[in-house]
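One structure is given below, represented as structure tokens, and several questions about it will come after.
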């Protein structure tokens, strides 16, 4: 940071913040088909859709609120966000400090036909980004319902980050 | 416009067009969570998802066609578009003339399971943009159905505008 | 390519690859409303949502798997991809070699409420892009379910391509 790198315990600002928040990024999920987790084009890094996987296992399955409560779906949204960050981190050689702004989150929520609490669920990932990045974590957001999501996931999130060029 | 500003009734091209069309922009809706209505990155201004709110009240609720007719949903789409413009206007200090092109509209429509008139509904907002911006209002468009939308809204629209840099 | 154009049978790299794969681009579908098939902004070409039309007829209708099998939906996704390429080709005066990367595909799948094979369906278009463009065809991807799509289509795809500037 200051030109005098300490070789022991040297952490980036974002890594330090993650640690303070008690957060550990999951392993970056590997797509199992002909696509990639992230692409950088200009100063934008976009991710593929992330579902709430941890250690290769889908953690939240089924619609809200019949199969998962709003609180569980929030947790699912948060886990999707951590996976998006893990994917971004992998693309940035581990240096999340290169992220200068969270530009956009799209939050898709598998829902029963009378559900209307999308905003509350999406806050799970929105609040995560602001906790980590501060004002630079405040993004444009689209939240919407879906009758189904891949593998039966409860939530899916795609992210666009602005990065240093 | 011509270097001789008139201090009385001085209106931008877009403001004048809005007036001719008898349109009044609603108050820019304020997100109630950790996100923002718009972000400008380079020459692109993107909005968060807009639902058909006016004066803080959701005007169109429920699926098409059982709860709202196609005509009502068109009106809802149009109101979403006005909210997107209100948000953009707020980001541009009121100067919508900075918009050089409507790049993309995504129109999500809460629908019954046998609905197939998405295009007609989406025309509500597509026609609005062309009425206001002329050829520069012709955009790429994605219309799709959703079983549910935030707060039970009938339509949700997100927009990407190209702006002067 | 090499400054010595052959006037007979001169084909671009992508055209040659399409021929090897036995693929013929459909006629670029014309939007029937106030929007356009594609817009180029900077080095990004984005398409409107494409449904599985061929010769003006929708080829795949209804949800997966009750109305269309997973294999049929894969074929539908592939046809959507061909329509996206047809639209891009039209915007690029027929020269698909200007595409340097497939940046993103969003694949919307009309699904029954217990469907979870979105990835398999989306592979129909993902594999197509890699078959045509090789590594440059590997994209970020979002796949999700929808209870309905325009005209009752089984699949809808939107694409973002990076192009030479």
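Which chain is which? They are A, B and C, in the order written, and residues in each are numbered from 1.
Here is the rule we use: contacts are C-beta pairs under 8 Å (C-beta built on N, C-alpha and C of every residue); 3 or more make two chains touch, one makes a residue touch a chain.
If you're wondering where the values come from, they're calculated on a predicted model, not measured in any experiment.
Least-squares overlay of CA atoms from chain A onto chain B yields a rotation of 120° to the nearest 5.
In summary, the pair chain B and chain C forms a contact in which the copies contribute largely different residue numbers, shared numbers making up under half of all those used. In this assembly, the C-alpha centroid of chain B lies 27 Å from the C-alpha centroid of chain C. The set of chain C residues touching two or more other chains comprises 42, 146-147. Interface of chain A with chain B (complex): residues 42-44, 101, 103-105, 109, 111-116, 118-119, 122-123, 126-127, 129-130, 137-147, 162. Put simply, chain B touches chain A in their complex at residues 31-39, 41-42, 46-49, 106, 108, 110, 146-152, 156, 158.
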